[in-house]
Amino acid sequence: MEGVGLTEYLVVAGILFVSGVVCMATKRNAIGVLMGVELVLNGANVNFVAFSRYTKLGLDGQVISLFVIVLAAAEAAVALAIALNFYNNHLTIDVDRGDELKG
Amino acid sequence: MDPQTYQSTGEMLRNLLTLAWLLPLAGFVLEVFAGYWSHRLSRAAAYSAVFCIAAGFVCSFAALMYWGHQTHWSALESHASPADHHDVLKYFSGTYYTLAEFGKLRIAIDYHIDSLTLVMFTMVTLIATMIHIFAIGYMSDELTEHYEDHQVHTAHGHFHRPGRFYMFFAYLSLFSFSMLGLVLAGNVFQVFVFWELVGVCSYFLIGFYFERKSASTAANKAFIMNRVGDFGFLIGLMILWTWFGTFQFNERVESDANGRDVVMPGLFDMLRDDHGNVTVLPANDHDSYARVFLADPGHSGALKHEGHKEGKTMPYFLLVVAGLGIFAGCVGKSAQFPLQTWLPDAMEGPTPVSALVHSATMVAAGVYLAGRFYPMFLPEVLLTIAYVGCITLFMAATIAVVATDIKRVLAYSTISQLGYMMLGIGVGGWTAGLFHLITHAFFKSLMFLCSGSVIHGCHHEQEMPKMGGLIRKMPITAYTMLVGVIAICGLAIPGISIFGIKIAFSGYHSKDAIIATAMTFSQLNGSHFLLFVVPLLGAGITAFYMFRLWFYTFIGQPRDHHVYDHAHESPVVMWAPLIVLSFFAAFVAFKGEAGSLFKLLLDTEPASVAHGLHDVGLAGDLNFPSHVGIEENHKAAGLYALLVAVMGTTLAYLFYGARVLNPAEVKRQFAGVHNFLVEKWQFDILYDAAFVRPVHVIAKWFVAFDRNVLDGFLHATARTAVSIATLDRRFDETVVDGLVNLVGNVTYDAGRSLRYVQTGRLRQYVMFIVLGVVGIWIVMRLFAA
Amino acid sequence: MPFSSLVDSLMQDTLGVSLPLFATELAICATIVLLLLFRLLNLDQRIPGAVLALAGSIAGLGLAVMQHLQYSQEADLVGQSVEIFTGLLIYDQFTIYLRIFLMLFLVLVVYLTMLGGIPDREDAPDFYVLLLGSTLGMLLMASANHLLIVFLAIEMTSVPSYAMVGFLKGRRQSSEAALKYVVYGAGAAGVMLYGISLLSGLLGTANLPELAQALTALGGADSALDQPSLWTLSLAILMVLVGVAFKLSIVPFHFWCPDAFEGASAEVAGYLSVASKGAAFALLVRFCLAMTGSAVPAGDLQTVFVHLGFGIGIIAAISATFGNLAAYTQTNIKRMLAYSTIAHAGYMLMAVAALLVILGSPDAPDGGAQRTEHAIRAVSGLLYYLVVYLFMNLGAFAIVAIIRNQTFSEQIEDYSGLVRQSPALAVCMLACMFSLIGMPPLGGFVSKVMVFASVFKSTEYYWPMWFILSAGVLNTVFSLIYYVNVLNYMFFKPPREHLEPVNVPLASAYGRYALLVTLPVFLLGVMVNRIDDVAYSASASLKSFSVPVVANHDNADPPRQSVRSTPAIPAPVEAATPVSGG
Amino acid sequence: MSNEFLLSAIIFLPTVGALVLSIMDGGAEKALRKIGYFTTAATFALTLVLLAEFDSSVSGMQMEVKAEWIKNWNVNYQLGVDGISLTLVLLTGLVCFLAMLASDSIKKDIKGYLILFLLLETGMLGVFLSLDFFLFYVFWEVMLLPMYFLIGIWGGPRREYAAMKFFLYTLVGSVLMLIALLMFYFGSATTTSPGSFDLLHLARIGQGKVPGLVFSETLQMTAFVLLFIGFAIKVPVVPFHTWLPDAHVEAPTPISMILAGVLLKMGGYGILRIAFPICPQGAQWASYVLVFLGVLSIIYGAFAAMAQTDFKRLVAYSSVSHMGYVLLGIAVWKLSEGKTVGAEYWKMGMNGAMFQMLAHGISSAGMFFMVGVIYDRVHHRDVNKFGGLMGLMPLYGGLAVGIFFAGLGLPGLCGFIGEVFTVLSAWNYHPIMAIISASGVILTAGYILWTIQRVFLGPEYKGPHPEAITPILPREAFIGFVLLGFAILLGVYPESMFGLMRESINQLVNDLVKVDMSSLAGVNTLLKR
């Protein structure tokens, strides 16, 4: 078998992306939702790296993936801080309980 | 008459008549504000009104004299038929100012003076002067600060209000202005303008005691009835305007902007050629109905129809509709069948009003217009006029027999006499009809004033059964009334004629002329014999109810002592006009056809109009009587009429005058005559009311017919109108408004429902991101594929 | 290429070319650093953070205005666009226009927060760091020229704004709003990133200008790529647009907007509603132009763009209608204004839809000579709408903030009887509301007419656009109800007892601010020429319009643009000799 | 004053007055009113100056002013006056001056009221004098805002609903007009010249006088329908009229005087100035429907008026009926085989319609004022609970009956000329429609006389607080006399107004008659049979 090609990487990235999204949609715990976000971002990263290797995207792909990692970190930090603040006010991080704003 | 003098006489006449016309308007403006410059109790307003109308009379009489002098009284020389003096141009017309101009179309306020106008002016101003003087006395009880109105019952007893003496005279002056304007009008549009102005004056005058519900309803009814007539009038106008393009009666030479004199063809010149005949192209293949030939308006007068086929044609039936439309206006104004129910109710107004407006002048306007517009009427229209006149005169006469209120009797008699005039015009007797109009104006206003002085004397008592034997208390009124009654019945002493003049009052001559014309007409076209029999019969009934009225009120024992004791002769300011009017009522038609009045009217009879239509009518060939034909039958017709009148008088004398016979019991004996009147009825024998009841039944039937069929129709239309209106309002509120609110609510509900989409739950939002993307992607695929 | 020469050419390029053109952003960075330092050395007792932030933003505005003046002086520079930082950003009049737009807005917001006093003294520096950071992200969005920058800029804008929404730590609602906003934002960013990855992968390049060539190469010449990969490409494009749609709060992705606005303070809500929209629209225009490129797309790619344009039009109509209808029953003024921003985003998106349809549709009326002219007119209408929208919305939010500071209530009922208490404020709110409806004497009308005119022009290119136009027109009528409802309370109802009266005389600081913000709404309605010219030249200078339309088969030369070649990387500055002509 | 500033001065003098008022403090009520009187009087004087300088023999535009406003969109600040707009400007000046005098009955926060009143006047004058469609549209909407607040704040009990309904109706109309505006703009753009908003240029294109550029038939038809609906809402024509009774009932007296006196004329003016000249084929195609709607309005309005118990609502519906004549007069354009038949009757119809607008302006403003006088005293409007006013207030009774008779269409007063001329010109178009419209004469007489009987005649006053009935004040009497005086002047000597407007209207008719209608003949005959 000729080893691992571009499509396999895309499939892995796709799985990561879908699981990330499903996790975000189903998790009731705020932290679980944030994990889902991470999964999505990493799925995209895998894509970038794969494309930089197999298509003429070249170094751009890898540079982007580096930036994505940094940004994921920043986002996670802010998200966790907000989740903490949410916990202080609602004494729970169950996302469904936060539905005072509606209509 | 050479053009130079024609010009100067035209100027003179115009100034005189315009002065006569505008004086009452100035009076009106003065009197409306009388409340401010003069005290409410002063008679200043009355004096100003009388002065204006009297000055008006002097001017119009002077104009008449001047006109006669200028035309060397040619009109009065006896001549065989009116046709041959056509060469003398008999009318003066011109324009005051143009109302509006649209390209070639032009509407203006202009004047048209001929002998008919002069006669009408003199008659109207004379009668108006007399009535103004009479009214000073009659309306004197309005000169108080707290006038007590018996007929109005408010919460606290009778109604008190300050007197409105000056307002009454203001309305009278406004009325005289509009009436004179109507007579002076030079085009049919201007007639329409003053037509409605006269209508509004009658509205104000009928509704003078506006506190009384009956008075204001009567005023409304009168105005709306007139408006129904005007609706027909408007349709006539529309047709004329669209097909003829002008409203002017007669041709007029105008100098337009750059000096060239342009011929402005009138209505009559376009329809009838020089010899007065109308050319009708029979209905041929390419056109389903006959067409009437009109001279091309832009064409110069001289080159009319001789051989000229060029020029517009209009559908025949449309010209008939136009004629009927204009006649509808006359029916509305002169209270002919079927629009006559408003006149009896109009008696709500003070008696001088009934005398001036609802007997002599306004109601006569309808006949005047029919006369003025005569050349435009086609045979079918003339026939309708005749039949409407006939029905009206008979119906009104029968109802008058039964009426007990003195003013209602006179009202129905007016309607009946107007029927006569319409019949006269309808059967081709143009001069006879207008002759009767003039004479009738005098004696009818005289009788109304007499009834006014009776009512004034008996303190507003109008019911005849309460009167009786008043001759001893009010001799002058009684005798002047007698003159009027004799005039209207047309009594005369046959055979004896002192130096050629028959001893008879004016009514005899004018009614005689109409009956003669009707007789010759029915001889010429046999199928219309009714048009002679009914008026003859009517003459008899007229005599009966007029003398019944006279005997009822003045002769015999007083039926109600309370009324009798209070009765007193009216003051001099009231009986003086009675004397003057009775003189005119008697001798205005002095020497009948040979008299100057008849000759004056004859002078303006449209040239050979009648026989211009001989082979025109579609409904069989109607041939109209020529003057010569009428001359021969005159004597016979006179005798028949006199016979019938005498019969009526004696009958009335027997029942009410001598009271030698108890009317109820004796009436049973003369069942034969009355049977003749009520032949339809199965005659069930009830002892005393055997013959009175049928007459009452017919009368009541007519009254009932009036009240529920016509009035019913009126109320029905009002009710349906109101119900449509409420339906309309509900439709308006529900459907149209509902639609708007529905749209509003739908969007509002849509808005509210969208709130539920925003559930506030985070996970549902996130799910939407992916669902959104995939959803759009799928839609795009479907859409693009 | 040895490493050293690569490094020094890079240094030369960044120092020589890019940095001077990057002046405004540098000023903002400097302010941020200073703010943090002052906080560190607790010097902020002496110089409050707000004053510093205000100084920095005014400096940035000054620099941007200078750049604009520099551009309008030298005639030959008109329409010239320079790619800076080795192609990551692009610097042209469009960027300058948006810089002025954003900096002006920043100055006004900072001044408002100083008056409003949301960030109290000690956490003022943090608030302003977030504020300036977010604005920096937006400036990058406006001049993005590379897919990385697209993602980076959006993240840089969003992350600080998550924090700003949750800034009032004590309130339950703001923490809930912040949580929703952050999770939703992260999700959207994730999806967008995945889209970008797919897009760059398929097209093999992440540089916006080259996207067009790659696309035409890919689709136009019916090369080996068969149907399915074309669809994955369109899915990728859609995913990228999701990120932008999230920032614009377009209908399927608007859920965060009402909750975030209600939770956040009025100043922050105002900031989010205007600034992020402006930058996002700039990015969307650049992205669309990048895709359609300057050439008239050939083959079946045309149908893709027309349908994409029409699709965006449909979404725009839906979001406008949704925004207007949902706002009917709102009782909270901020939530109502949130839906109003959704509606106005819809109106503005219609202009973009018109742009796409005009550029993409094959059968242009009168031979397509006027095509670029109409496209430029569509973009300039959008830009003008943005400026008017800035003042309208900021005016409304500012008045809401002012009233909240006095009555502590944001319910519409509590606004009743305002005209009796402070007539000046009521008249300002009236001007904003009627401008939002689009009534003539005010700016809102002129901008709406411009957008509807371009949509009307697009109906000649592609007739179904009639639905979009009628939806837009119909929405103007729908929007009347809830805007006027607020005015009903203010003008017709008597003041409520339990609230102490709002007295903001014209002479007070608040009064002057309200007047400062609402006056331009009137001026933009009457003196239209000034701003309209600037907007026109800004949109004319967009890259795809200025490049000679060679490929265009009937070679109608764009009316006014000078033909210019873009400097290849890493050509030194003096090498980029503008070839002026035309 | 050189005449290019005259028009702008007329339009913006009230705005200057409004600015002066806004600066003064709200307390000095007396001074505020004085400035109000002075401004409206000065504007009316300026319109009289305009009348003096106007040369009635010229049919085209006079005193044209054209300055550039928005360069990129070719929008110009363009003003001009001709026969049609001059008469309406005079009417506006007069009615606004009288309404300001009648504004003494307004008691709460005078300053806001006067400012909005003057802005409203600016909006109206602007609409009549502007020749640029964009400028026309701006003034059209500027007039909308003050009206909304004037009804909303100083109105009767259901004022919010009425104000909102008024705003919604007019906004829907003006949004449709916006689409038509865009159609004309892009329709008139050629490769060389940009699109234009200049009404005269658009009219030349519409009538095929510009070589190489013409509005296609479909464009003319759709644009005409859009414009007609927009203007029909203002006229109001029956299906779109339900806002009028509510707006009138709730509006304070002076405002309903202006609403009836001037605002309704905008619709008619719009049709005459924009819809007919620019889309002649559309106008001819829809002429049958227009005549039908006109007649329907006459009959519907009359019946609806008969069923009302609220006095003001009754007069409002009478306005609907009277404005039906206007539409009838404008639309009597008869075409057979592509050639206009009886153009002179159409001229008469148009002149009659214009005159009816002026006459209705005076009579309906008078009627509303009279209703207002009695309402200010007894504060109720139930027609059945009045009575005996003629006795209690004789001068008021006299003036009111005079004005109501002007409304009824009595000859010698203004209503008659307008009504009869339009009806006379209708026969040439369609006899049956003419007859139905003539029957309107009876219905009008019916409901007006019935109202006069219930309100003025009768023995005593049946309604609440009879003690408040005091004789008419000199100020009110002055207004009544002025209106009645103008009614009589126009009734007796209509040439005063016809002279001004005749040239322009005949020119408009001649232009439209010359337009080649061959392509339309087929459609028309189909529609007629």
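Letters A, B, C and D mark the chains in the order given here, with residues in each chain numbered from 1 onward.
Operating definition for what follows: a residue touches a chain if its C-beta (ideal position, glycine included) is under 8 Å from a C-beta of that chain, and two chains touch if they have at least 3 such contacts.
Since we're looking at a predicted model, the values are computed, not measured.
Comparing chain pairs A-C and B-C, the larger number of C-beta contacts belongs to A-C. Rounded to whole angstrom, the centroid-to-centroid distance between chain A and chain C, based on C-alpha atoms, equals 26 Å.
Measuring from the averaged C-alpha position of chain B to that of chain C gives a distance of 82 Å. The geometric centre of chain A is 100 Å away from that of chain B, both derived from CA atoms. Centre-to-centre separation between chain B and chain D, using Cα means, comes to 39 Å. Annotation for chain D: residues 168 touch two or more other chains. Residue positions of chain C touching 2 or more other chains: 179-180, 183, 187, 191, 258-259, 329, 481. Each of the following residues of chain A touches two or more other chains: 21, 24, 33, 95, 98-103.
By the contact rule set out at the top, the touching chain pairs are A-B, A-C, B-C, B-D, C-D.
Across the complex, chain B is touched by residues 21, 24-28, 33, 95-96, 98-103 of chain A.
On chain C, the positions that touch chain D within their shared complex are 366, 369-370, 377, 380, 419, 423, 434, 439-441, 445-446, 449-450, 452-453, 456-457, 460, 469, 473-474, 476-477, 480-481, 484, 488, 491-492, 528-529, 532-533, 536.
The part of chain C that touches chain B in the complex is made up of residues 179-180, 183-184, 187-188, 191, 231, 234-235, 238-239, 242, 246, 252-253, 255-256, 258-259, 303-304, 307-308, 311, 315, 322, 325-329, 478, 481.
The touching residues of chain B, when paired with chain A in their complex, are 755, 758-763, 766-767, 770. Those residues of chain B whose C-beta lies close enough to touch chain D in the complex are 32, 35, 97-105, 152, 154-155, 159, 161, 192-194, 196-197, 200, 203, 207, 210-213, 216-217, 220, 223-224, 227-228, 230-231, 234-235, 237-239, 241-242, 718, 721-722, 724-726, 728-729, 732, 736-737, 740, 744.
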